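To start, I am sharing the structure in question, which I have written as structure tokens.
By letter and in written order, the chains are A, B, C, D and E; residue numbering begins at 1 in each of them.
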Amino acid sequence: MELTTLLFYLFALVTVSAATKMVLSKNIVHSAFALMFTLIGIAALYVLLYADFLAATQLLVYVGGILILILFGVMLTSQGHSFSSTTVTVNFVPAMVLSVTVAAILIYAFAATEWTLTEPVERTDTVYDLGMLLMGNYILPFIVVGILLLVAIIGAILMSTRMAAVTGKSSNSLR
Amino acid sequence: MEFHLLGIGILTWIVFLPIAGMVIVLLLPDHNRQAIRWTAAVVTGAQVILAGILYGTFDRSMTGINNADSFQFIEQFNWISVEAVPWFGKIEINYFLGIDGLSILMIILSSIIGLVGVISSWNIEKMTKGYFALYLLLLTGMMGVFVSLDFFLFFIFWEVMLLPMYFLIGIWGGPRREYAAIKFFLYTFAGGVLMLLVMLALYFSVAYVNPAGESVHTFNLLHMMNPDYYVDGSILSGVDTTWRYVAWLALFISFAIKIPLFPFHTWLPDAHVEAPTPISVILAGVLLKLGTYGLLRISFPVFPDGTNYFMFLMAILGMISIIYGAFCAMAQDDFKKLIAYSSISHMGIVVLGIAAMNTQGMVGGVLQMFNHGIITAVLFLAVGVLYDRTHTRGLNDFGGIATQMPRYTGIAMIGMFAALGLPGFNGFVSELFSFLGAFEAFRWVTIISVSGIILTAGYILWTVQRVYLGALPEKHKNLKDLTLREMFAFIPLIILIVLLGIYPAPAIELMNVSLSHLVEIVTGGAP
Amino acid sequence: MYVQLSLLILFLPLLGFMILIFKGKKLSGKADWLATGLLSLALVFSLVLLVLKLTGSPDETLTYVFNWIVFTDAMLVGSLAIEFGIMIDNLTVIMLVVVTLVSTLVHLYSMMYMKGDKHYERYFAYLGLFSFSMLGIILTHNLLLMYIFWELVGISSYLLIGFYYEKKSATNAANKAFIVNRIGDFGMFIGIMILFAGFSTFSFGALFDSIAAGQLPFGSEGWLTASGLLIFCGAVGKSAQFPLHVWLPDAMEGPTPVSALIHAATMVAAGVYLVARMFPMLTEDALLIIAYTGAFTALIAASIAVTQYDIKKVLAYSTISQLGYMIMALGVGAFTAGIMHLITHAAFKAGLFLGAGSIIYAMHNVLHDQHDHKTDAQDIRNMGGLKSKMPVTYWTFVIFTLAISGVPLTSGFLSKDEILAGTMAFSSLNGHWLLPLIGLTVAGLTAFYMFRLLILTFHGKPAKESILNGIKESPKLMTIPLMVLAALSLFFFYSINPFGAPGGWFYSVIERPMSIVPGNLQPAGHELFQDAVKSVHAMVMTLSVLIAAAGILFAFTVYQWKRVSADQLAEKAGVFYKGSVNHWYFDKYYNQLFVDGTLAVARILHWFDVNIIDGIVNGTSVMAKGVARLSKWIDTNGIDGLVNLTAWVSQGSGKQLSKIQTGRVQTYLVYVAFSFIVFILLFNRI
Amino acid sequence: MVENILHSISHFFPEIVIVITLCVIIIADLFVKKKSHTTGWILFCGVALAGFFVFLQTGWNESVFYNMVAVDPFASFFKILVVIISLFVILFSMKSGELDEYKVRISEYYMLLAGMILGMFLMVGSTNLLLMYLAFEMTSISSYVLTGFTKRSEKSAEASMKYIIYGAVSSGIFIYGISLLIGITGEMDIYGINAILVSGIDQPLILSISVLMIIVGLGFKLAIVPFHFWAPDVYEGAPITIAAFLAVASKFAAFAMLIRFFTVSFMGAGGIGELGVWQTLEGMNWNLVLAVTAALAMIVGNLTALRQDNIKRMLAYSSIAHAGYILMGLVVLTNEGTAAILIYTFMYLFMNLGAFYVAMLFSNQLKTESIEEYKGLGYRAPFVSVSLTVFLVALTGFPPTAGFIAKLYIFGSAVSAGWFWLVTIAGITTVISLFYYIRVVRNMFLYRPDEAVLPLQFDLASRLILLFLLVPTLLLGIYFTPVIEFARHSIKMFGV
Amino acid sequence: METTLQWLASPGLPHFLIISAMLFGLGLMAVLSKRNVVMVLMGVELILNSANINFIAFSRFTDFSLNGQMIGLFVIIIAAAEAAVALAIILNIYNRFKTINLDEVNLLKG
């Protein structure tokens, strides 16, 4: 039972439990923070998987970016003035059943499959190789994702900015 | 047999003249009703003339049916032809027109009825333009079905008729026109889908090797009639296989709906009652014949085995239709409904006749198709005349019309008695031969069916009594007798009724050879 | 020569019909002369033909044939030709004369009787049409053509019965006549079909030859008998035999001359003619059934005639019973007697009707002058004592009455007592004693009711003096035909010997044809039969005369000298009286059974059509929902309800399906996840 | 490495043109005055140009960017389809009344449209799972936003939200499936995967799960039952132009992707056999799965459409049903089936766009999308109504319209492969479909309008556009050889 | 027993996969059951992350090597973009409906 194993289980526990907390908690802010822990845990797992760059990105983008975004969203859209906005769950039972079944099926499948494993290579750092790949085989996805971000930004702006109210609500006209 | 006009075959002319007419009509200004009507009249007149030419130049001794060389006025060229690719043979759809003894009579019928229809729709005031445009389109569809020898073409023309019909009933029809129109549409469309499936099944089972040595899938009906062209192992190859029976049934249903045969007939009364007079005339005069024509042109020669297998079923259904239609007709108070049901009964005779599978029966059946077309046309025109004047069709609202409108009554009576199968009128001849033929094949079925003539006499005479005889009610004291235009609509039909009644040979010799051949194909065993 | 003549005879009346129907109005009253002229021309021709034939070639049968339709290379039969053609033998020419003669006389008569009718021309046109088709029946050489003309006389009788088409009763009678005939024709048609299917020909000659050659339809003797009887059905219809006799009395709604021509002399006799034509191929059983049918008809008709008061009705029933006589005669094999009776009967019954016509004419005029529209001009109770006022009518009427009652020196006596002899002989051969018994009874009854008629009409006191005073003898045009017919009702036209026809020319030209059916089905041989007839002849003659005399006497005692009160008799008769007055309830029950029955069936089927079949079509669940609700639903939902095949179902399911579309993303996602799992579990092969 | 990239770029002009156009629009947006469709015209030209380059590529058949994108007839076919559709949609957008209120933002609209087009181009071409995912996302994200473009209408906003949530989840499932597939095969481009599968790995369960997850993802784009639920809501909420675009273009792109993915990665060693491509995937009997989904799509789509009153919603359901019909061609993944699908898509394009366009024209004038409001339009706007009739009749599949030919070939492929029960269902549902299509026609023609109402006026341009849609719909029904030839030569994919 | 312990003792590919499976399930759970759109969004993020774990695990344990990480990178980016757009749309919804509860935003149905 060496360290990595221990760490693995630790982080796994953190991740999963935090995720569970996130799903089950009634308070949206709590779940947001739970999500943060989940993401950190995942980052840690990445590290265990020798994906240091990924782990960093995960921390930066998710914890630093998406999560903040979400929190902003929460605040901007929190009903009323009471900050502790609680979220009720709809069709809980079917959701429970289904998600458990899906997870079960997946786990069974994973367990049932024997994967073509190779001896894990110990990498010192992955950044350089990733860079090379990005400029090489992955040039096209790289560009595409750039454009995608551009489009996304345009869209986000378009959606989020309030428009000068024009007389005559178009929504009526469509009824 | 060749006959060209401006380098275009006569059949193409006769089929597509109405389309040309339609274009002209559409170009004409809305308000210029007279011009529109005259265009339609001229076009249909031209059709009649062409039909006359066909009749004149038609070679009575050529068989046709399943043998391409013995068809007449053939026009054939590749319409759709897609090069073969490694994984699929050549695709070929032909523009293949031609007529034989089976179709010539139908062509004459539909051309005449077409003209009559135009004359009788002279007084359509509501959206005349649209009306005649649709009407002409309808005519093209009818003609096309009768001349096309390529299943694909046949199907297209078949379906082309539906939409105009829908509108003609739906827009110019009576109070419950929507119901009638959609009912007609759905029934026929359902039939059409069945036919489509069978058509595809045939298409994939039939392939011939063309001069270039590549195997070509084709919609050519004549190839479909030839057992050698069936690809081994394809669904419809072989004889007396379940699939062939299924296909036959599907096809039969799609035609039976059109005939209409019990129990697929319920669309007919509604459609007739709601449709405007000329459309009823077309509907009863020609459209119903498409069903039986389809049976003879496609079901019988393509599936002889199926036909033999289901012959008795056909006879039984024919019998039921005869008796059942007659009884239902007797229960009607609505003049048009009565005639509608009588049509069911008379078409039953056709089915019985052709199911007999012998020359007399076959000839009788086809002749009955023609005669019934003429006779019901007269009857519906007669109803129309009354309806125009009194705006009612209730049999009990009339009486004593004979005193007020003697000329009209005379003509209507002729129609009635012809429908009743009175010797001297054409109805008798065809019924006679249908029954004679059928009797040789199915004794008891025929005997029961013949009892239909009593019922027919019953309801016809009863109608005559209720409408034309008896005392004239006050409200009808000032009805006008037939106008000249109406006479024009009636006269040709009446002449035909009497002529063919006295000497049917001219009509029979047209189809004699072909039909005997058809009988041989079917009874001569499987493909 | 023969052929051209006969064709002329055939088509002259048709010509008249054509001209009158199209140009009738233009002829401005000359129409009648035209028609009559053409007819009399035909009469002349047929007389010529008669003489030529009987003198020239008495015992050969000429046929003239052309192909009507030819089916080339039909299956099995090769080239199949449907022939039309005419056949001339002695029977034909005699019948031609009879028909044309009576027809001409009736034409003449009608010119006066129908004068001033608003469809005068049309009337003569119809008469022409009728004569044409009747002559056709006589001349044809094959069954098909026979059937065709058969129908044509049917239609012309329909037109003539319904001539006063404003009268509901008239049109009803016309319909009844046609439809009842159709029922007979239905049988006849099937019979023809059997023969055609068997021998694929229609012409008598060919048929008889092939039967004589030993072929049978469908190879069974049963079918031969059946075909014979089925064709006889046609005769039953036309000749108003039981059970289809009900139409003839009603047919009296037509103009009286028409009744004389069609419903007494010619058309109704067509049935007899048909049987005569088919005679050779009728098997013994068939003949027996025919004989009994005839006998029974004769009896019931006579029994009904006894109690009728409408002058035309009485005559109608007497016609029926006389026709029964003829049929019976043919049935028992007294071929010649039957035919002869046909002809004699044609003469005197036509006379009777015309006489009745002239009475009615007179009565009608009187009533019309007196503006009396209540009293029925045809009811003999309103007559009486006319003897003095209209002598010609009276005396001719007496002659006819004597003739029909079978009093010696009249034509009726000759034929009738031959028939009786025939029946007697028949029974003596194979013990069907019922037939002669009925024959004699009917003879008695006939004598009785005919004299009852005579007495009530002409003798005794008039019901109303006023009427009697007004009565005038009918004009010449109407009396001349009467006289002619009266003359023809005397014996010497048919045989020199007033007490035995067999010596006469008629017997020499008309002989019973040889039966050609297989031996075991043959009726008794001809010679045998002839001997039997000879043996019983004298006895029968006396019997018949006595019975006739008795009948007449009884009639006088009851109605002339009033020794016995008719009412008391009625009392005594009880059931029989009631039955007879009500025509033995035939009409009543036929109406209930057939007419109402058919209509009921029709209504049921129609209901079935509208509700059940459409119902099924309107979707399966309809059956559950109930028909009534369906139709209501159709009307309410209008078109939306009417996706015929699938409407009900698909509309419903469509609704359910759109319920699934809750609009909640998460519900959707639940579905997705669910279907994912389902797919995994369902379609996994492991 | 560099030369490879350069070579690839030389094969990549259409996409590049689109990207450039996008940038040009962004720049132009700063200068051109608002409330004009200038940017729209720019996009129009850009797309047309791209179309031109695609046209130049006909017959090319290779794979570029390290086997990430295939430039082959199959891709070109769909690119051309996308181009045609886009051109029409751009024109629609210029005519659309509801967009006019957002003139200020119209250039963003066109930018996103450009993004969507690019995404589709990549979708139809990509042979690499990662790129597939990216393209998929590109299309989706822009379409989410476009759906919500008419911000002031609640419906639009709601639609966009539903769309994005549904889409996000499906794409999540999609990528998860991809991850599994990659994991089990260790390859990320479909050729490699095919190689592995052919060489034979015995992991049916995990394989099935992954493929099924991918189907879920794509099924969302195709809107086939049971993944269709978003479609009606989104179509109804979205601007008609976008609804049309989604109903036709993105659906086709997804089909292209699906077909390519299945065909290439699962075909047997000997290429495509008689039985289609399924023998390498023994885990499930896939064509049964697809057959069931197809049947469900036809039934559900057609039946639910019966109840609809909003024409957009009705068309949404009808397009679901049509997806079912197209799927019939996929059930038997033989060349014949594929060809039938290509034919169908080509024909379907015109009639469906036409139907949507007419709906737009009417809603511009009448401010309604309810079918009940269409009563008597046949007399107020004859030409437009007649063309709508033609389109609907074509959708029903009547000869002699393009729709019939489409159905003919799709049914034909199924019949020839012996899927009779499927074809029967298709036939029955076709009959059902007649009813809701004809209902519109009936409302337009079988009711006379009261005399008061005025006839509708349409400017020449809109009528011209209509004509451009109408003519092919009729013409292709009568003479369709070129389409078939085109389709049959376009089924060639790189590496097949 | 031994084997189980041993299996537990050396965390390999299956372990990570199982975690990802769990996360996937939880994400799905959140997506299906939460009324609040933002929560649903978090669920989606969870799903994406679970996929990512797969990729990276594969990159470690199979010869898929770095490609896995590459894809992971892209997925993260996509997730970010998607989240941004989603939140923008949610804001829009909030402006229209004054709520971000999914079941209260329900004009389109049937």
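Basically, contacts are C-beta pairs under 8 Å (C-beta built on N, C-alpha and C of every residue); 3 or more make two chains touch, one makes a residue touch a chain.
Because the structure is predicted, anything quoted here is derived from the model rather than measured.
Novice: So which chains count as neighbours of both chain A and chain E?
Specialist: C, D
Novice: What is the chain whose Cα centre is as far as it gets from that of chain C?
Specialist: Of all chains, A has its centre farthest from that of chain C.
Novice: Out of every possible chain pairing, which has the most C-beta contacts?
Specialist: A-E
Novice: How big is the gap, in whole Å, between where the Cα atoms of chain B centre and where those of chain C centre?
Specialist: 38
Novice: Between chain A and chain C, what is the separation of their C-alpha centroids in Å?
Specialist: From the centre of chain A to the centre of chain C is 102 Å.
Novice: Can you give the whole-Å distance between the Cα centres of chain C and chain D?
Specialist: Those two chain centres are 78 Å apart.
Novice: How many angstrom between the C-alpha centroids of chain E and chain C?
Specialist: About 98 Å separates the centre of chain C from that of chain E.
Novice: Listing for chain E: what residues touch at least two other chains?
Specialist: 17, 24, 27-28, 31-34, 40-41, 43, 57, 62-63, 67, 70, 74, 78, 81-82, 85, 89-90, 92, 102-103, 106-110
Novice: Hey, what residues on chain D touch two or more of the other chains?
Specialist: Counting only residues that touch two or more other chains, chain D contributes 130, 134, 137, 141, 144-145, 148, 151, 154-155, 160-162, 165, 169, 173, 183, 186, 205, 209, 232-233, 307-308, 428, 431, 435, 442.
Novice: Where does chain C touch two or more other chains at once, residue-wise?
Specialist: 639, 643, 645, 658, 661, 663-666, 669-670, 673, 676, 680, in rising order.
Novice: Let me know each pair of chains that touch one another.
Specialist: So, checking each combination of chains, I get A-C, A-D, A-E, B-C, B-D, C-D, C-E, D-E as the touching pairs.
Novice: Going by the contact rule set out above, which residues of chain E touch chain C in the complex?
Specialist: 28, 31-34, 40, 102-103, 106-110
Novice: Would you tell me which residues of chain D are touching chain C in their complex?
Specialist: 161-162, 165-166, 169-170, 173, 204-205, 208-209, 212-213, 216, 226-227, 229-230, 232-233, 282-286, 288-289, 300, 302-308, 428, 431-432, 435, 439, 442
Novice: Using the touch definition up top, name the residues of chain E that touch chain A in the complex.
Specialist: Against chain A, chain E makes touches at 9-19, 21-30, 32-36, 38-39, 41-43, 45-46, 49, 52-53, 56-57, 59-63, 65-67, 69-70, 72-74, 76-85, 87-92, 94-95, 98-100, 102-103.
Novice: Which of the residues in chain B end up touching chain C in this complex?
Specialist: 178-179, 182-183, 186-187, 190, 263, 265-267, 324, 327-332, 358-360, 363, 400, 402-403, 417, 422-424, 428, 432, 435-436, 439-440, 446-447, 450-451, 453-455, 457-458, 461-462, 465, 468-472, 503-505, 508-509, 512-513, 516, 519-520, 523
Novice: Show which residues of chain B lie in contact with chain D when the two form their complex.
Specialist: Interface residues on chain B, with respect to chain D: 79-83, 85, 87-88, 91, 155-156, 159-160, 162-163, 166-167, 170-171, 177-178, 181-182, 185-186, 189-190, 193-194, 196-197, 200-201, 203-204, 235.
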